[in-house]
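Paired with chain B in one complex and with chain C in the other, chain A is shared by the two complexes that follow.
What follows is the complex of A and B.
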């Protein structure tokens, strides 16, 4: 076991799935952060009905395992997309939606609930005295947000956002259930071809750990360099 | 359909329970190793934690399923790894690593002065842990522990992929018997079942969260959050 030529072959094949996985992770991260920020802002501002709706959303998506959310999206989204398209007069066969889009939508819906928590924590860490100071200097709400709040909140959120990138990478591995090929699914496919299962999975483990290490190191560095000028 | 799903619930619960207990013990050992700083052992513990946290749980399950039999074979024992046992062990490893990252910050968050005070009063290490530092760390760790339990419940839904006959696998059997007509509905039922399980866990953890502050001085108490574990 663990012969060199098989390992090299496997590494080459499994690495070929890395760019697409990172791409999906990036898309999911961007969308879930945007949605989560909107949720957190609505909660921070205490908007009456929206607040309760978001609470229900969060409870629902945190209680359901991600596999089930992905499967629900896989079977539920295509008809929904087709119906919505027919409402605005487009004839679109929803079952032609690529699987990875369905996966990204499912994971985004789930992670957004967690991102809302992350952003809320960062918003809560913001010192309200600074808001008062800015107001007394005649800042408008927009200026206060852009010049005082946003730079500090973003930096406060960096560690948790990094963590959520890793959570997204891990969540995407469930895409193998709906035939999306990411690092894990590729290792499974490679293993199924040459029957060296453990080798392929160990390579995938190492790749995931290296990515995690790189992402955390980069984030640490980013945080440190940003903290200098604030 | 629901009664049939319920027949598989005991297995899911048993896997969860074993992972919960074994993971807790593993987390205690790992946390001790990381806090006490024994040269090689603590870096091994750190490696284990980063494995448990940065590798997808499906992949960890597959590694346990394919890797552990080899490990057992080296020691000359018979292969006893049915999918259920492999699922229990894989999830224990995952849960232990995750939990250790909840326990360590909680231990470190206890005020240094509390250690010094206990030492100066002549407490032994065991008395200090049980009487002074432990209760406070438990209070800090409880919300995170609730989260870890909920994630564990979510991840038990994945043991189907290495062949354990849990609720998800039974649901797949049911769906296939109906010629895959009612997939969306079946997954909705599953979503409800898992939500109820998470809700029960949340209620139990919150009961302890309510009780835990009575062992903690008023200064060290964590701020009450509405639904910390969800």
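What follows is the complex of A and C.
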């Protein structure tokens, strides 16, 4: 059914897209987690106005299909970047912004809304009695967060954060719509040249599965090694 | 030493504290008793500002604070001079027993690791937990968790110990090991406030008993006055119910 020499050639080509896909996924993961964490903290601490704004943001970015956000970013961000740069006296042609950057911004904006819920859930799982104990002993809010809350909240969030890495990996495949070449796009391009579509997509599936296996295993090990107290 | 005046606090429409006056002298062991939901724990948590009274004042030796204009420095000063033992233990789950006791000394009191460790080991020995110093809270029984909480509180050398129903969450067979430690602590001369439903224990270790009812101090006296000749009819009724239950 499959031709070995075609498979080997396709594997080599499709694998070449893996490092860049992983790089984009990592950048998206880091930024969406940072933004989501800030949102979650603002909600957890019940900061007025910010809390309402975050609610609106989450409704918008959880509701709008990701592909639309990507297109909005693709068409809307370059002129916006150019305008903002001009406000601070920088002459920058926004249309020179690489497409992968626009993709990462779009996916980050969407995933941040979900990461906010992940972190909020982990924060809510924290037993507040420990916070009372820390405050009664004179811990400042910062000390309480660093010493007691953060180590517990991070570990509670690991399984869901791992999920989000895989969600990001899959979301990036929509970058094909704006000419960003990730694993999926590379398999599409490879197949378009030799017409071995089934081979190319099976290779892509296997690569995605291997990445999912590695990420899940690594996260499980990390969680186990950090959760020494249970 | 410690004087609370006209403390008022409400949760929504429910008035929990209706103007509590309470003064504690140095070395006093005061047990606070009363029906559930009458504000005993809330009163204790007002002292270290874990809950915020709507009005009232607190005087702690030279330190005075009006709760209507609470200031952070005064709150921190009070917290550094008190230590609380909680009903639900509230030990830090991500730390071992030893780390639980050491951490406030290092983080808040800025003691060196060595000094903190020495103090922590001494307090753990005092509560009989030396062998469990490297265990995590998930590996301990309720009694051991509460003794960790007591060691952590003692280690910061507080002027006043606040015990909030320290045995209420324990299985009956674990209560005695914690009461033994509390008795040892209170008999060492440290000023203590104890919210409890252990009437016999309160009678044995306290030099004063405060009976709270409907958010106020309804009776205040020596154990003999409170338990043997209760003048307040609500107190008499409460004691009858409690003693019948136990």
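By our rule, the second predicted complex is superposed on the first by the 227 of 230 C-alpha atoms of A that agree within 3 Å, B and C clash if a C-alpha of one lies under 4 Å from a C-alpha of the other, contacts with A are read in each partner's own complex, and residues count from 1 in each chain.
Note that contacts are C-beta pairs under 8 Å (C-beta built on N, C-alpha and C of every residue); 3 or more make two chains touch, one makes a residue touch a chain.
From a predicted model like this one, the values you see are computed outputs, not experimental measurements.
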(message) One more residue to check, A:22. First (chain B), second (chain C), both or neither?
(response) neither
(request) Have a look at where A:60 lands relative to chain B and chain C in the superposition and call it first, second, both or neither. (result) first
(message) Quick check for you: in the superposed arrangement, does A:173 touch first (chain B), second (chain C), both or neither?
(response) first
(message) Contacts for A:72 in the overlay, against chain B (first) and chain C (second): which applies, first, second, both or neither?
(response) first
(message) Is A:41 touching anything from chain B or chain C once the two structures are fitted on A? First, second, both or neither.
(response) neither
(message) One more residue to check, A:7. First (chain B), second (chain C), both or neither?
(response) neither
(request) Please indicate which partner A:219 is in contact with in the superposed arrangement: first for chain B, second for chain C, both, or neither. (result) neither
(request) Could you tell me if A:101 is touching chain B, chain C, both of them or neither one (first, second, both, neither)? (result) neither
(message) Under the stated touch criterion, name the partner, chain B or chain C, that contacts more residues in chain A.
(response) B
(request) Within their complex, state which residues of chain A touch chain C. (result) 127, 129-130, 132-139, 143, 147-148, 151-152, 228-230
(request) Provide the residue numbers of chain A that touch chain B in the complex, in ascending order. (result) 1, 58-60, 62-69, 71-72, 75-76, 166, 169-171, 173-174, 176-177, 184, 187-188, 197-198, 201-202, 204-205, 208-209, 211-213
(request) Would you mind writing out the residues of chain B in touch with chain A in their complex? (result) 50-51, 53-59, 62-63, 66-67, 70, 150, 153-155, 157-158, 161, 168, 183-184, 187-188, 190-191, 194-195, 198-199, 227, 230
(message) Residue numbers of chain C touching chain A in their complex, please.
(response) 45, 48, 50, 76, 79-80, 82-84, 86, 88-96, 103-104, 107-109, 136-138, 149, 152-153, 156, 162
